[in-house]
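Some structures are shown below for you to check.
In the two complexes that follow, chain A is the common piece, with chain B as its partner first and chain C second.
Showing the complex of A and B:
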């Protein structure tokens, strides 16, 4: 149970020589597309030992999925492995006849995809689908197969396997389904397990459970794991060795701990700097940004492919492409100048800046928006869905309120209630003390102007048929009353303010990348000169480096314009990075609210505590106590009695929690916790939840 | 079910040609080609669609310039050439009055394009209006309108057309109106489904949040994004309407003699089929070629403009 994740495994602690299971050497993969032949993966080598997991990290377009799937020769019809060698247990895969390869795919290689729902057939019960694998590849008969399925489901810690076998995929939660898929992949005891972002679609609390499971299975099974992810935090939880990919090749490869503590490639260093550092102090610092964008694989620069974006570039970097070479013990880097790459702590101090000083308690600004007992109830055929069920929130002028919670917690709904897109059904929402009408249709333009929104999905937030300039000009002329000429000038200023070139004015959304679209959406929101901007997971679907630069942008604009934000996210590290105050919500109710620093230091609400111990932090030095929540967020149609968190609460006291609604316990300042357990007691229990190493460093 | 771990389906959704190219070639940086260029490039890769489009364009040319292109006057009778076999002077032969069949077909093109075209156009305009309003407003009104359209849809179209035309009498205007009435429900359904899909998109919500009027949202935010599927639907309706107009002509409910209507020509040729099959065969083939090429073109349009498959 106590998952000591073997990332601390010291290098060179060689008791027995590890057996290499999966080896890739000099692999090249091409795609033939409308634009000609693309060299998607170039000269890639890696090795995975048994009981080991190799993490492939990279941003979208880096070729990590292509590499993983291409190495087992599972490519789209236009893809082709052109050179190299791939060996599984010493057997060369590249020359293998198709029939033998198919046999191998099913029996020796398991694959776990991102979306468990589409990996399973929705019309066949779980048990039958899993048994099929056992019958097909292990030659078992019906009863042996079903015993095997139960055994596997037990191994992936599935509660009540026999009942689960009779269920259809839609009857299980995402975490349970992913466990079924993992059980299915492990059914034949494969030598190689490829996991392609298996936890990306899951909630943090579920993700933590699945990651623990993978870490356990790694030791139990003889499989080698190839783990693909874009999330540096996830990597620290389960990988032993990590390869950082960029535009189709490796930039750096090293053991996990070394890669994080002493990266020897500027790209890795930058990537680590893009991720918010967990730092519960009120001071706000910017994040590292990587200028430019990942190059197209058909337009690679002549020298080092990272040179155009590198901060340590010199003349010689741009002429010859440096190979991936061993620069220290088992540490490979594709940088000529690896010796000048500074340690991360030093680099972070120099490459980032303080955006805003800490606010003193007395100088806290006034309240802009206040929600009092806000309710959003929907009528459904079988009852009432209480999506938001009595939330109290306040947003101060020029500050950010971070709202965090799992999916189904009502965080998006409450934001939509504030802006009026989903009318609230109870309670009041006031703007500077004036009560807001419930729906957008009833609000006058002057009121609408004060609250704008940046949406989650960058692809849907801009009208595909209208140019960027048009999109930004519309609110300027409609809400700002500017004439065409002045609106145009102002729109261009806004483009510059969100760090986009003016030449983008005439572009259509499909000519922009996701991050650029989101910048336009931010410019459009600011065009109305609102007092409050609601950011509904605005960065969740983007790459880490893009996330970092967008967070910098949001912070900078806030300081310049004194705009308040409500920042909604399931990602607690992003929320803690941006927010002055944090509200932790669960099942339509606030569990804990207050100053960010106080929310992130003990005492915590038990739910906050669980979230904190579940978030994958991109720092192998931080010790998190493994507190795991069982089950998933209940339906908002059947809100549990008493404290709504009690069925999942690891600190549930029993009868009181089940029967009585908890009191608000007032902490220091405006910190409040909705719990039956007294604050002193919580503080005592939770001292060990999150231990930050080197806490005094830099002070 | 051989490879449950790596099913073709999940693989295809993970890495497909288009998605892959998009992954590898992130947009941004350099401006990407305008959409019509992309359409043209995709069209060039689909020979069937390209051929269909070219044939359609030839017919379109004939519809406009037919009377000047045709080798003979379409109603000039030539007693010597009665039921003449196809030859150099009469490539498609001549009919029972010695009229040149090729010329009659060429000149008749305009008629069929006008009747089918205007009928489709009216159907598209009215259908779009109904679909937009019904989809956006929703609720009971939407329900009532859609059920009424379902009633219209439940009749076989030729039967309904015959009943309507028989009651109002055959005339060019009436044929156009009948085509329109028949196709309004189908267009309305397509537009409505687009509206339902688009009205909760974030960019429409952003428009609501800045206080746009309903008409602005419908005509500036939603309609432009419904155009590609609408265009595909319109071209499909047009290909059906050609068939419908020809059928009505054949049944004598369409254009009256001596107009060079294709359906009418087939009807008149029935009596001579054993003597001179070409009199019937060529007009029939022409109809087939035009209908097939138009639907090839509309299929192509769908693949080109809505890759990934617009539903129905």
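Showing the complex of A and C:
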């Protein structure tokens, strides 16, 4: 099997030794807080060569951003670099006078930030903000700077740069803004480009476009890139070398392909196992979990800091802290037992289990909830917002319907219409064949009990002044009709069911971590023993390892309680992992729906195809066809004529797509595609969208 | 933008009309009308009825209101029974005097408040910040008649630097009046200063933590440039609103301060009118104060919108 490793070899060939641009050696960063001095980053070294990009991966609290910002000496006033060396093109940054450092910022060092909207000044036009860099560092006057800005915006493939320059940040989409920030960072052709989660705030499709752009620019510009992310998939698209951080230090550093195919640290192995692997077969397997949580940097265990959570731990690991050493050519690991770390494929097979047998088509369970031509239209001063515009959906008993689409696709609104929080304005929604009133206010208690919801942000959905126990007891007494004593007992059982200790009963939400809060939200949703739970991006804001364990929890509870789910996400990897059926929605309409396996194998709707090409899969062996969508989802106030996807569709046929609404094309089973192109034709065109590596074959 | 201003203008006119109804209603339901005020306690019923007829007070209330408002718009504000002169020239003269006082007070507290607020934000949690925050808070709690008397005791009676009373000739020019304006202006400024300081401090602290300030710093711009072109532009927006709404507070403060110093401004005129139960004068003065207040708020909204593109383009 041929491996595709993006930009593995630096240009110039192997003969010329790569020139190191950015070198960090033995860096220590401390924060002074109320808890005392925290050693946030400890003895960290890394090197980024010319034309190379180094991926800094870690969960929240791993210290990756502190490391990146601290290395260029941009720290909060309570942060301090206490030891080490940082060199940029051989110049030591740590002893540099503040004025000279500031001259390097923005000229030799460019930075791209996580959220482009907040990284740009809301009250200054884009052009001026970009020109500032050229004027400050290139000594250009107003008109020369403006020419330079247009040139840079053109390089980041910005349509109509002159018009964009006159815009304010809030007038541009996230993808456009991130291009502006990238153009700003590259204005002076810097030696080092720091990218701090630059695509995390963007939609998958936009993310793919921005990642392509970064890969292109990497070839064009000489900058070395330090790329920070929590997303293992994104790493495979951009980075040559990867360092995995954990609680303030490196666990492993290796070339990209090595790290993914033959990790030599148990933490890396576990991280890879937490991410759902793309698998269109109908079997449902659990994900690897990492017990416990990342330790606080002031409460590190004495030996290996990963030892308490490690599955390969032995006595000696808990006494002395192992250093990060070279274990195989340019492969560094901080594990003393790196030799026993198994290849990922083998490990995944042994550490996960089949959760339930696949449903065979003949034995598919009956329909629980059916939405027929559901509409949610809002009246706005300037027109009608067609948030949900005629969706047909069905959820079967004990199954999961995954709903996937970009932001603005109406996926959350349709869920709110099903539960009645946002009354639908047209169509019908039935529960076991019985029509549901449009709003919660008109639904009888017995019906309310049957549908519950888990929201994206547990901070906002749990009342901060009510204890965990109260939160779970409320639906028990309100909808379940239990008295106080029984409700209390039941709430404790539910805590155990979501793998939280009973002692959490009295705690307030702010005493819990993000993942724990979401477990409470799940317990609360299950409390009323509903038939359907709507999960609206329940894991999106959480760390990878926490996402994995929550997905396991959702799957386990589903099998135990035979509850149906609607799982809403922009993350197709998570959706394919959990779902029996998938609905792909775009601008308020279903584009494709059916059995998960059928939706994930050709023929695809062109939109599904684009989403599949865009997801960053955490496997460098999977080859994805580069299908990219231009622009962004249009406003639901101005739904395009004919097929609503036609303005962005890479396979648009022309007139017929612009003028006529597409037909539903029936595939095998209940698979349906809303497209003008016949299924056979789609299948032929799309045969090579995803080429999967042979599963089970290690590096 | 034009649409936005038109809308606000519409609201403004509505507010003024509503206020005029309340003012008129309040002054007519009070016991005793203009006729009994003018003729005194011992006038005969017949004389009163005759005067009421002359003044049109025997017409229905709505007709009276319409003719009053119509007159107000045309510039016919009536004759004051207690001063026995036309109301409008008196009110405008006093308004001019209050305006002079307000200008001096404004010139004192707005720049000083912004400066102190910025200083406190940039030196957050240091002794300078604490001193400024606590100091300005203390003045919020101090009513004008107390701070005024303290100032008089120190600067007029102890040090003899400034006059203790400001009962100048109402026709004085700004230059003539200036020495008499200083103490009352400081008194007014002290209370408003704290609002400006606190608003500037808190919004600057917020803005300094914004991602775009990090961006500006990491662009390598000099710190002064970061402050002036990236921070102030955003952090002074809320201050502008506070300053403009402060004009309303200022009027309230003027009534007390002008009485403490016996300064012939609109505040003291209103107080005088109330003491004399001069309904014509009360109506004219009160409505004028409402108009000033509403216009100040409109100016604040427009300024805010001009400086904030997120509002300007929505």
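Simple rule for what comes next: the second predicted complex is superposed on the first by the 681 of 699 C-alpha atoms of A that agree within 3 Å, B and C clash if a C-alpha of one lies under 4 Å from a C-alpha of the other, contacts with A are read in each partner's own complex, and residues count from 1 in each chain.
The rule is short, and it goes like this: a residue touches a chain if its C-beta (ideal position, glycine included) is under 8 Å from a C-beta of that chain, and two chains touch if they have at least 3 such contacts.
All values derive from a computational prediction rather than experimental measurement.
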Report task. Please work out whether A:122 is in contact with chain B alone, chain C alone, both, or neither, and reply first, second, both or neither. Result -> second
Report task. Check whether A:340 is in contact with chain B, with chain C, with both or with neither, and answer first, second, both or neither. Result -> neither
Report task. Could you look at A:74 and tell me whether it touches chain B, chain C, both or neither (first, second, both, neither)? Result -> both
Query raised in the report: Can A:132 be said to touch chain B (first), chain C (second), both, or neither?
Result: both
Report task. Identify the partner contact of A:559: answer first if only chain B is touched, second if only chain C is, both if each is, neither if none is. Result -> neither
Query - First, second, both or neither for A:328, with chain B first and chain C second - result: neither
Report task. Have a look at where A:102 lands relative to chain B and chain C in the superposition and call it first, second, both or neither. Result -> both
Query raised in the report: Where does A:170 make contact in the superposed view: on chain B (first), on chain C (second), on both, or on neither?
Result: second
Report summary line: Of chain B and chain C, the partner touching more residues of chain A is B
Query raised in the report: Residue overlap on chain A between the chain B contact set and the chain C contact set?
Result: 74, 102, 105-106, 109, 111, 113, 118-119, 132-133, 136, 184
Query - Residues of chain A defined as touching chain B within the complex - result: 31, 33-35, 38, 40, 60-61, 63, 65-66, 69, 74-79, 102, 105-106, 109-111, 113, 118-119, 129, 132-133, 136, 184-185, 196, 293-294, 296-298, 419-421, 440, 443, 445, 448-449, 451-453, 455-457, 460-466, 474-475, 478-479, 507-508, 510-513, 515-516, 521, 524, 528
Requested in this report: State the interface residues of chain C toward chain A in the complex, per the touch definition above.
Outcome: 210-212, 214-222, 229-230, 233-234, 307-310, 313
Query raised in the report: Taking the complex as given, what residues does chain A use to touch chain C?
Result: 72, 74, 102-107, 109, 111, 113, 115, 118-124, 132-133, 136-137, 168, 170-171, 181, 184
Query raised in the report: How about chain B: which of its residues touch chain A in the complex?
Result: 1-7, 9-17, 20-21, 23-29, 31-32, 35, 41, 201-203, 205-206, 208-212, 221, 224-225, 227
